[in-house]
Amino acid sequence: MDQATLRFAIQLGIIGLTFFMLINASALLVLAERKVMGFMQQRYGPYLVGPWGLLQPLADIVKLLFKEELRPKDADKWLFTLAPIISVTAAFAAFAAVPWGAETTLFGLLDTPVKLGVADVNVAVLVVFAITSMGVYGIVLAGWSSNSKYSLLGGLRSSAQMISYELAYATALASVIMLAGSLSLREVVDAQNGSWFGFIPKWYVFLQPVGFLIYVIAGVAETNRAPFDFPEAEQELVAGYNTEYSSVRFALFPQAEYINMTTMAAVATDLYLGGWHGIAILDRYGFGWVFFLAKVGFILFTYIWVRWTVPRYRYDQLMQFGWKWLFPAAVLNLIATAAAILYFNV
Amino acid sequence: MSETILFYLFSVVAILASALVIGQRNPMYSIMLLIASFGALAALYIQLDAPFVAMAQIIVYAGAIMVLFLFVVMLLNAPQEDAAVWDRTHPLRRPGVARFGALLAGLLIVQLVWALVRVNDASTAVNARGDVAAISSVRTVGRVLFTDYMFAFEATSILILVAMVGAVVLAARETAS
Amino acid sequence: MIALIPLFPLLGFAINASMGRRLPKAVSGGLASLVMVASFVVSVMVVWQIADLAPTQRVIEQTLYTWITSGDFKIDLTLRVDPLASVMILVITGIGSLIHIYSTAYMHEEVDREFARYFSYLNLFAFFMLVLVLGASFLVLFVGWEGVGLCSYLLIGFWFEKRSAADAGKKAFVVNRIGDYAFILGTLLLFVRFGTLDFQRIASATAPLAPESMFGTLSVATLLLFIGATGKSAQIPLYVWLPDAMEGPTPVSALIHAATMVTAGVYMIGRNAVLFSHAPETMMVVATIGAATALFAGTIGLVQNDIKRVLAYSTVSQLGYMFLAMGVGAFGAGIFHLYTHAFFKACLFLGSGAVIHALHGEQDVRNMGGLKAALPTTYWTFLIASLAIAGVPGLAGFFSKDEILFETFAHGHTILWTIGILTSLLTATYMFRLVFLTFHGTRRHDAPAPQHPEEEEPTAHGAPSHTAASDAPSHDSHVAPSHHLHDAPAAMAFALVVLAIGSVFAGYIGIPGALGGHNALGSWLEPSFTARSVTTLADAQVAEPGEASGTGEAGGEVNSGVELPLMLVSSVVAIAGIALAAFIWLKRREIADKAAATFPGLYRLLLNKYYVDEIYDATVVQPIRIVSQEGLWRGIDVNIIDGAVNGTASIVDGSSSLLRRLQSGSVRTYAGSLFIGVVLILGYYLWR
Amino acid sequence: MIPLGHYLVVSAILFAIGTAGVFLRRNLITILLSIEIMLNAVNLTFVAFGRAQGNVDGQIITFFVMTVAAAEAAVGLAIVIALFRHRESLNPDAFTSLKW
């Protein structure tokens, strides 16, 4: 088996692995969500299915699969079907540009190292940004096509919300990009290798605390999670844009949401938490991705934590916050960063 | 070889999608198809070593402008376009005029073809000249944009501002005072 | 240091103008007088300072800041004190402060607000005047020039409720404006010619040149400047505003229209002595105008009945003297006369003011008389001043006037000299006519004669009997027939006495060589009239014998033999004039009336000031009004300008009514036309 | 290796489609979309020519076109909304009240 085919195979393997991980991520996150919620509310959470309820997600999937496909009579056939596909596709595709591990030769298996990550584009940040911004269509279309006022409202809200928070999100990204001087996530990560004074890792979170905060908050809003979960604000909109959905089509939306969360966390890790860098030994032996996973897990846990701690905003408050606080803060942060870069010519 | 295939694939997608955009009556579908065509165009840009433009195409066009259209359609609850009513009163509705329009269209196509024929290096490969690294790097684009095209850039920013104000003023429902 | 001189009055103005309405009279008036005195002290110090220097570089400059800079053109706001300026500032601040003090008493009936307004104007005027004389370049001078114009307008129209006063103010302003216009033109011309506006630079640039024989740039420029001067210092043809200016409060007349402002023109010519002496034609014009004005105004003054008008005309004629001196190149003499005249004319005005004050606004000499007993202080000071102005030997006026006449004669202008002598005769006559009519003879006034005038004096300043009348004019406001005539209050009296002393002794600093003096003033002023450069004025003027060096003793050395007889002549003339006046208006009253009766035409002509105002009205004012009303307004403005506007509108209307046929209102029609255009343009480019 | 001409042909076709759309459709929104199509055709031409020249100016012009497109869309749609409020229609022929 010569190098080229081996390499190709390994690439395919990496892609498949990533895909598999993402699917599982959504499943695991559902479980984690319910478990954490349980602990936070002095309950057990799911514990019947399998040990500690580990198989609960599986059961959920099975249940959803066997449900009946419902579609409102006046719903727009094509778009109604298209909507969930769009969102989930966008969710998966976005992750394609995210590197999750250093170059490795798999212990000398390859003569030239392979990069851990689906694709390595030199404008990765933009790609992620672009594709996630495509995700909004899924929700909007779902809301519009299912021809129900709850859905419509949910769709409108979520799209408005995503568009508003994309600004802050992108602006926060921009300052990191300026620091790293590159749009390629991999280069950004490698720029964070090493440490100050030997013990503080060179992560941008230390240079960009404000940016990191803005990014995380905007990320929560982007993924329509509490406290910004207006698209499905049960009390007001039953279930928001996916009120009319059922069965697999319904399943796709939360999956897309969790995958988006993962992507968000992964990008955050790459941009601010030094990706897979930080623990020298792991780096040396090509196990950096473990640390990467740990970081992602931590951020995801924070998401869940926030969701069950902070109450939901009012919609106008959300917009106020996004436009009048988050975005200006991001802009100021950007300007300050630019000034600092010019001054210290980093 | 592969890139030729890709090129034809994407251009066909773009053209078909655009044709369908104007081909049917539901603006919702039109928007969706247009987004598809934009995506194809973005791919073409990438082939032209302009990744940044491609991303901007998706973010700005597909991500922002089209959402705007989508909103409007949703807000107005996109009425199906009314069929052509051939009342004789309207100056443009007379068949004579229509024929004249068709003639003009034919003329335009002829002219376009003619113009294309007259392009000098139409047959030479697009990516014959220039080094890919420089052209495709965002850094170069930024540098040129903020030095040679500074004034134009500022002017456009003002234009955007004006457009923003104008849009707000126009769309704002006049409050009963 | 120098800057302080004008700054003090400015400060006073600022305070009085801003918060004066809330200050009591004592404070505002006292403050105003105080700043004047302060600036006088400073001036004295400055003069002392330059007196130490060697005669040729007796100059102190102070550049406050660069005013205008555009390209290579640069104007510094520079103040410069040289001998000429020193004399001026001394006169302005000195006489000025006296008049301020006098005013505190004179304007006492005004309410606080008016009082403060009056003094703020007065201070502002002093400020501008000082800027005028201290300015080192035409531009700075022009600031002061305009400023005093403004202040005179404000002060003449001080009692603006009185229509005549307001009109007089406007008249003064407009007439001055005419002169200023010419002045600006002259300044610009000079700038074009020399590229600078600084006096010294212009002078040193001019000095090497040969005097222009025919009308050239210099002559035209100086002529224009001179027109400006006639506007400011009331010469033919622009003198008309001065007599009317008597509508203002008397101290104003004294300060502005006798002592200082009207001398601005004279000063300006003296300041540009070098320039003028290079333009003989202009000098000739100046001299002639001066002499003519002197005589002209004298004749008018002979028959006027308003005490202040008489004085006003005498001012005009004295100014004529000064211009005569300037014209014949006797700059020193001119300034000398300016300086002495300031004393006795101010004294005369203030005296008349005292009389008016005593008679509660009575200004007609025919209703006066016999006030000698009632107003001793006023009488004596007035008498001394009259003697001085008449040119009786030993008093100030004698020396200066005589010097002017001598210079005129020495430079060979015999006719002008004759006119001058005639004028001095007239001067003596009308002045003493005034004296006799006012103070001698019997009372022709209804107010009861005072029993004990002197006991009134102390209380007078407090003026218990004065009902403080708020409404201006205050003179008419309180007619209390039943109250005693009182002599000038202390403040007035002080000013009067000082001025009287001045008008006696002021002349002694300029005793001509012929009388064993050595014309200190002349030699002091000498450097100011020469360009500070290699060539002195004397050298520059060899080509023009008519204008040998500008000062007295130069002429004195040339022919001191002539001087004594001339002096004799002029003094004899002065005495004669007085005697004539005494004979007519003391002994044989009816002669005057008979004379008036025998020559009614002449009398009426004189009485109506040669109908000059009417002539101006007919020849200038009315035409302008008619042209602007009928031509500019009804004609050009209404028809052409409005017509153009309306025409444009109607054209647009018509064309659009055609174009609107293209407005089908359907978007796609427009798109269609656009499309056609695209196809055509593209086709064109492809065909090419 | 694709010749420049191909890109030009593609953009020409797109442009023609856009133009046709402006004239054929009777729905303001679709018309605006057609305008967007034309703009994109032009963008493609710019980028292609720029690439052929071997410099980035073509891309930069594209950004400006995008900006203009955004402004145009914003204002245009605002107008559409305003119009729709007055007449319950998006048919351009319904708005001929300016007709003489």
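Read from first to last, the chains carry the letters A, B, C and D; within each, the first residue is number 1.
As a working rule, a contact is a pair of C-beta atoms (placed from the backbone, for glycine too) under 8 Å apart; a residue touches a chain by one contact, two chains touch by 3 or more.
The structure displayed is predicted, hence computed values, not measured ones.
In terms of the distance between Cα centroids, chain C is separated most widely from A.
Comparing chain pairs B-D and A-B, the larger number of C-beta contacts belongs to B-D. Computed centre separation for the pair chain A/chain B is 30 angstrom, with centres defined by C-alpha atoms. Distance between chain A and chain C, defined via averaged C-alpha coordinates, is recorded as 90 Å.
Between chain B and chain D the centroid-to-centroid distance comes to 5 Å (mean Cα coordinates, whole Å). Each of the following residues of chain C touches two or more other chains: 664, 666, 668, 672, 675.
Annotation for chain D: residues touching 2 or more other chains are 19, 23, 93, 96.
The list of touching chain pairs reads A-B, B-C, B-D, C-D.
Against chain D, in their complex, chain C makes its touches with residues 660-661, 663-668, 671-672, 675. For chain B in complex with chain A, the touching residues are 28-29, 32, 35, 51-52, 55, 58-59, 62-64, 67, 70-71, 74, 136-138. In the complex of the two chains, the chain B residues touching chain D come out as 3-4, 7, 11, 14-15, 18-19, 21-22, 25, 27, 30-31, 34, 37-38, 41, 44-45, 47-50, 52-53, 56-57, 60-61, 64-65, 68-69, 72-73, 75-76, 78-79, 81-82, 84, 90, 101, 105, 108-109, 112-113, 116, 119, 121-131, 134-135, 140-141, 144-145, 148-149, 152, 156, 159-160, 162-164, 166-171, 173.
Taken in their complex, chain C has these residues touching chain B: 664, 666, 668-669, 672, 675-676, 678-679, 682-683, 686. Across the interface of their complex, chain B is touched by residues 1-10, 12-21, 23-27, 29-30, 32-34, 36-37, 40, 43-44, 47-48, 50-60, 62-64, 66-75, 77-82, 84-85, 88-91, 93, 96 of chain D.
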